[in-house]
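To keep things clear, I will list the structure first and then write my remarks on it.
Letters A, B, C and D mark the chains in the order given here, with residues in each chain numbered from 1 onward.
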Amino acid sequence: MRHVVAAGQTSLALLLAPGLAGLIRWMKARLQNRRGAPFWQPYLELRKLFGKEVVVSSNASWLFRAAPFVIFASTVATTALVPVLAVPLAFDTMGDLVVLVYLLLLGTFFLALAGLDPGSAFGGMGASREVTVAALAEPTVALAVFALALSAGSTNLGQIVAATLADPASAVSPGHLLAFAALFIVTLAETGRLPVDNPATHLELTMIHEAMILEYSGRYLALIEWAAAVKLLIFFALLGNLFVPWGVARTLTPDALLMALGTFLLKLLLLAATIAVFETRVAKLRLFRVPELLSVSFVLALLAVSSSFLLR
Amino acid sequence: MGIFGFLLGPPLLAASLALVTVPYRRAIGWVNAALSLISLAAAGALGAQVLAGKVVVAGWQDLLRADALSALLAACVSVVTVLAAWLGPGLGPHDEPRRTRRFQIFINLFAFTMLFAVTTNNVGLMWVAIEATTITSAMLIALDVTKASVEASWKYVLLGSVGIALAFAGTVLAYFDFVGLADPQGAVLNWTVLRAAAPALHPEVVELAFVFILVGYGTKAGLAPMHTWLPDAHAEAPAPLSAMMSGVLLAVALYAIVRWKAVVSAAVGPTFPNRLLVILGLLSLTIAAFSLVMQRNYKRMLAYSSIEHMGLMCVGLALGPAGTMAAMLHLMNHTLAKATMFFLAGRVLYRYQTADIARVSGLLQAMPGTGWLFLAGALALVGLPPFGLFISEFALLRAGFAIGRPWLMGIVLALLTVACVGFVAHANRMLYGTPPAGVASGEEASWRLVPLALCMGVLVVLGLIVPPPVASLLVQIAEIVGP
Amino acid sequence: MAATFSQLSVLGSSLTLLFVFVLLGRRGVPAYVNAFAWQSIVLAGVTTVVAYYGRRPDLYWVAGLLVVVKGVAIPRLLQRMERRFHAERELEPYVNTATSLVIAGLLVLLAYAISRPLVALSRLPTRAGMPLAMGLILVSLFVLVSRKKAITQVIGFLMLENGLALLAVLGTYGVPLIVELGVFLDALLGFLVMQIFVYQIHETFESIDVERLSRLRH
Amino acid sequence: MALTLPLFLAMVLGHVVGAGGALLAPTRAGARGLTTLGAIVGGAAGLVLGFDTLIWGTPFRLEIPQLLAVAGGVSLHLDRLGAFFLLVVEVVAIPSALFGGAYSRVYEGTHSLRPLGVMLNLFLLALSLVPLADNVVTFLLLWELMSVASYFLVLTESDRRETRQAGLWYLAMAHGGLVLLMAAFLLLAASAPSTGFADLRTAAAALPAHTRNTVFVLVLLGFGSKAGLVPLHVWLPLAHPAAPSHVSALMSGVMIKMGVYGLLRVALDLLGGGPPWWGGTILAAGVVSALLGVLYALMEQDLKRLLAYSSVENMGIIFLGIGAGLLFQSYGLTALALLGLVAGLYHVLNHACFKGLLFLGSGAVLHATHTRNMEELGGLIKGMPRTAFCFLVGAAAISGLPPLNGFVSEWLVFQALLGGPQLPRPELGLIMAFAVAMLALTSGLAAACFVKAFGITFLAMPRSVHAAGAHEVPLAMQLGMGALAVACGALGVGCTLVVPSLGAVVAGLGGLPAGLMTGMPGLTLEMPGTVGVIAPAALAAGLLLVPVAVLVAFRLGGVDRRLRVGDTWGCGRIGQTPRMEYTATAFAEPLRRVFAELYRPTEDLSIDFHPESKYFVQSIAYRSEVHPWFERLLYAPIVSFLRRMAFRVRWLQAGSLHLYLLYMILALVVLLLVSRWTS
């Protein structure tokens, strides 16, 4: 049963992810007084891409063709570790938060390599910027992990959620709140949102993520886009379920699971709205201002850890 | 008496042969080379007798006496003499006769004076012999009369003579106190007698005497700040003489200090002589180590390295019996290594026609045999394993730490490191790279490398195992010298 | 008798010390040679005195040798050398005459200071001369340091040896004869070697100014 | 087992025969063959010996009191700690020797071939014997033999000036380190009856605290200089690239680990641990080394220098684990202490594998293209696909990507540091938290660094003629790399089989208990003290399964499988050239700007304009260099002090005889005064 739920969680994440991306796009359009494409537009795009012929650069090697699979696999693997609907997780002992971070790094690593492979200047630029941002975001993530592990006594996500559920007051402790803020900023950086990266532009000087995948087409591009959407969903799930775990099912009854699904969708909606509003209100930062933003998140995370220590 | 005859006779005979044969003939060289081997064998036999627990005494008023300390030094002297006899001028067909004759006369007299110095029981005659080493060796520095060699010899003669005169003052002062105790008629300047009477001597006088003796013999031993003649003389002297001076002359002078230290320690306790030895030893180490850093001339570099090692031995002598053993082992190792290195330096000089480090490069390519031996020697001299100096330095440092002088040993270690880096930097520059244009490749007279390689081999053996005879010799020496 | 002995030995010692001041006070090498010759003869005199009063007959031999070797032979050789080089005047020493004399005086005082334990310990009638011998040694050393000509340095060194001989005679009534003979041999040979080198210096540097011997450095 | 002595003898003999063969073989090819054979046979024997002792705890002891008798005799003893390091040595030694057998063919025409063979075998012998040394003199002798042999190996290509310079730096630092160690050991042995480690252990307990602290500081500096801890690492980026690549693999993969061994042996085993600041200092040194190491690695254009700096980084990670372990040990938190030490040790093994692999890979690149400059490389993945694959595995492993081995050990280090809150003092916990953050930053930057290293070297278009003509290396070299690549994978997926036995390695040292493993044996990795659980094998299976599933889905779902090859999009410009590619320098530019305060880069831009009009540019030359300025702050004063002193003493030997005579008189007077004054 537990494994079925786990498989269901993964499938749900994979299914919901494109929609989430579309939803944010739609909300942004509405906020900007545009009609915007419907939220299911990404599904149509994926279908179209899967049906298209692939064009590969003559400079590219096998790595270029293997990378989408690695990226997709690593992202899918993370979904097994994140509590979307219920705890305890079936695959909780497979990996913890640290593993999750490293799995995402695995994706980034191969994406950056794939960006370099065709030999275009854009790809190199994107790869260079991507690894820079990813590296600078790492300390914040680690400190957030530390803060969570400090209060939960574990780095395995299922147990963190379970621990917070058992002691709801801890969710509103200053440590938690600061860590949430820190991780929110990291989410923006890691998933290529404004003000770090603009997912809607192909203006060469500002691209990060899009620059790397410029040479991709057809099914490879589809896999990468999908993986990116899943990554966004994973971060939302982390923000929503680790810090505000209410609603996560602790028993595997249909009621509880339905309840969990409902709250999860609600959380996604709220976070998507937040992002949409945020993205409409802020302008993209210059690349070399991004470290400042990340250092803000680092300080927040450090404060989170310190306050957890002091208030322990 | 017989064994001393075989030890001291051959060099004297060799010198006389060279003296009476005008013009010089190569046969003399071969005879003398054979004679040097007899002397070496006698030194070996002497060592064997001493090891059997016997102190060999001979002559009127016990003029000649050999204990473990003498045996060790005699062996060192005769080994280097053999090297000089076989590798120096005299055997080759192209050696210039006048020059070679002079070399044969004085090098053998030099060897004789050193051998006599270490085997006489009479400290007065020991002084006479050591003074005579200055005279005999000075005649050889300027074998080729150039401005540099004359300058070096003048400085050597004057500094050496003045220094040794001070040692005589010290000897007289010690004797003065001794005469005050005993019946002047029966008093001879025998070390054994002095050593026995030492506890009754007056501390003030003995201390005064030791200062003079230390400065005096220290001059010959190349201890700073009286070392100034040493780099000049070693750099200008022909290779065999440099080898003898650096390898054993310094050691013989140190031998004199050790003899007197034994007396002084018995008279006033070990603290006083040890303090002075540490002061001079550290000063020598410091000056030598830093002089190595900016050195431009490889023969001078070797000379400074000798000062460094003499300083180290001085410090070792101040570290109790274990330190004395280590210092004496070090003396032996240093003799072998330094003598070999000077012979090698001579070969390099002959090929490159310059003693400038900057103008020697690619030695390993130009002269592979010489180059690799030079490399081994350099590593040995800076105290790296598996050569003997590593072990003796280790034992010396261990002795220092064991008697609770970590700071002193720390300074010594730091200075040794400076010396090591300086030395290796220069050796590195000489050995690697490509030889300059006009320098021929390949070894000449490779057989001459055989004895040198043998020396390095012995040095490795000493680094891995100190043979039991040597070890028990060292134990005996430590007993002789006392705390 | 002991008093006479003591007075004679101090008188002789004082004289030997005085001769070294000639090297400081005067400029001419011939004067130096004469001073050395006379100093050696006075030293021989002191040795004779000690031999007589101290009942050490072998010291007569030493005194005789002193006169022959240091009083006559070596000064002859020195004079020959000096004529050869026309190096009659010692020009511009490192320290001028007045200062030299002051320093020498101070050195004699130092000699008194360091030989105090010797004098205090000794019961010999000759003990009062020992500081003077020590003074002679130190002042000779000062001559070696402050004078430039090789020949002056040789004379300084010879006087240093005289100081040592004086010290030995006064302090111990002479070292054993065999040693004494060795010392003489060394002194003579040493002088000969130095002479050879002085000639060589003159040959190669065309001067016997030791100051020029400063090519070898570092 | 009674087999230990024959194994030991086989190990020694193998290397001795290898060295002798290199020297005496009649032909040069024969010398090369014997070198390799001896090294491999010796290595294999050592491997078995290490396994035997590590797994079954078979003790091995050999005393030869006749050798080095004056200094205490030769004494060898293999315990589990030693056996682990022996294994680490041999795991890299065998593939490197195999690789080197083919690689050293390029030296056949030079003078260096035979010395290379002799010294390689001596180096391997010293490396494999250092963990066996059981008294001070044996240890120091082997230690110095290791340094000297590797010094000669560094000098293999001595016709280059920079190689000679590197060799000198290396020897100076190595010798300096030895001197510190000698002081430390002798200080420790001062009151001991002998210099045997057993006696030192007993004597250390009775030493006063300040002596113990001095010993610790000395060994930290001494072993730290070998381990390449910042700021004692300066020799490392010079010497490692200068050596032949298989030697670099050994130096970077194995030799610097001996610093870790030594530190554990002395600080933990002989001294039995100490006050918290010991662990804290090691931890701090680890953080600084890890971060600065990777930051400088990022700025490198020279592939081997990049790898060398990356070794500094990884040593930092190892010291993070060790430091945390010692810190926990000083507070009696034995489970966490064990965890930290195991994490450090596992990273030792892992780093040996992937750094060995990467250096061999860089050797293959050098072999094929004759350049280490990444700006002249590129596109090698097509000419040398196997090398590229192996290098990719190494790069992924060193970046800590799951499920490879680097990930597992970094995870263990994280877990150890996450135990920080259990320390009784909150400020220490905060320091641990900071260390966690810095470790994360390090691993992120390491990933960036190796994206650059692999991407610029192997991907895209060749940037020079050399790179364009690259071809796959000989089979022996491929096998060498392949073996290490397999090890990287196996140690990651199979960590659950290896890590438990590491607990036994440190158990008993410094009063630590034997480590008990919890969790599902063989599947999940969990130890007392860890707050998380992982199952790398399952992860690996998952990561393999997903692409397979996707491919199946593609087939079933009738996804378009057409593929067309075209030009890279060039903004409409036709005909892409390598000059348009991103360069290694450009790749690291964002990070150089971010850390400009640290790097203090010097930039030099010169533009040649057309003589007619300055709107037309004829050429642009841009030059930017990063000089480690803090090194200059530390080493420049030392060097200038030495120089000043050297000049001062030169003045002593000024050539004036009068001056010299004056020295003598002064010496006399001063010593007289000293004797007056003191008595």
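By definition in this document, a residue touches a chain if its C-beta (ideal position, glycine included) is under 8 Å from a C-beta of that chain, and two chains touch if they have at least 3 such contacts.
Computed from a predicted structure; not experimentally measured.
B-D or C-D: which has the larger count of contacting C-beta pairs?
B-D
From the C-alpha centre of subunit B to that of subunit D, how far is it in Å?
Averaging C-alpha atoms per chain gives centres 44 Å apart.
Based only on mean CA positions, could you tell me how far subunit C sits from subunit D in angstrom?
A distance of 69 Å separates the two centres.
Report the inter-chain centroid distance for subunit B and subunit C in whole angstrom, where each centroid is the mean of the CA atoms.
Their C-alpha centroids are separated by 31 Å.
Taking each chain's centre as its mean C-alpha position, how far apart are subunit A and subunit D in Å?
Distance between chain centres: 35 Å.
Could you pull out the residues of subunit B that touch at least 2 other chains?
Within subunit B, the residues that touch at least two other chains are 154-155, 158, 162, 166, 204, 208, 231, 291, 294.
Among the residues of subunit C, which are close enough to touch at least two other chains?
Where subunit C meets two or more other chains at a single residue, that happens at 114, 141, 144, 210, 213-216, 218.
Can you list the subunit A residues in contact with two or more other chains?
Not one residue in subunit A touches at least two other chains.
Based on the touch definition given at the start, go ahead and assign the chain network to line, ring, star, complete or other.
Chain contacts: none of line, ring, star or complete; other.
How about subunit C: which of its residues touch subunit B in the complex?
Subunit C reaches subunit B through residues 56, 114-115, 117-118, 121-124, 137, 141, 144, 150, 153, 157, 160-161, 164, 167-168, 171-173, 175-176, 178-179, 182-183, 185-186, 189-190, 193-194, 196-197, 200-201, 203-205, 210, 213-216, 218.
Considering only the defined contacts, which subunit D positions touch subunit B in the complex?
Within the complex, subunit D touches subunit B at residues 66-71, 111, 136-137, 140-141, 144-145, 148, 155, 158-159, 161, 164, 167-168, 171-172, 175-176, 179, 182-183, 186-187, 189-190, 195, 642-643, 645-650, 652-653, 657, 659-661, 663-664, 666-668, 671-672, 674-675, 678-679.
Can you list the residues on subunit A that touch subunit D in the complex?
50-63, 69-70, 72-74, 76-77, 80, 91-99, 101-103, 105-106, 108-109, 112-113, 116-125, 127-129, 131-132, 134-143, 145-146, 149-150, 153-156, 204, 214-215, 218-219, 223, 287-288, 291, 298, 301-302, 305-306, 309-310, 312
Which positions of subunit D touch subunit C when the two form their complex?
Contacts found on subunit D: 650, 653-658, 661-662, 664-665, 669, 672, 676.
In the complex formed with subunit D, which residues of subunit C make contact?
So the residues of subunit C touching subunit D come out as 94, 110, 114, 138, 141-142, 144-146, 148, 210-211, 213-218.
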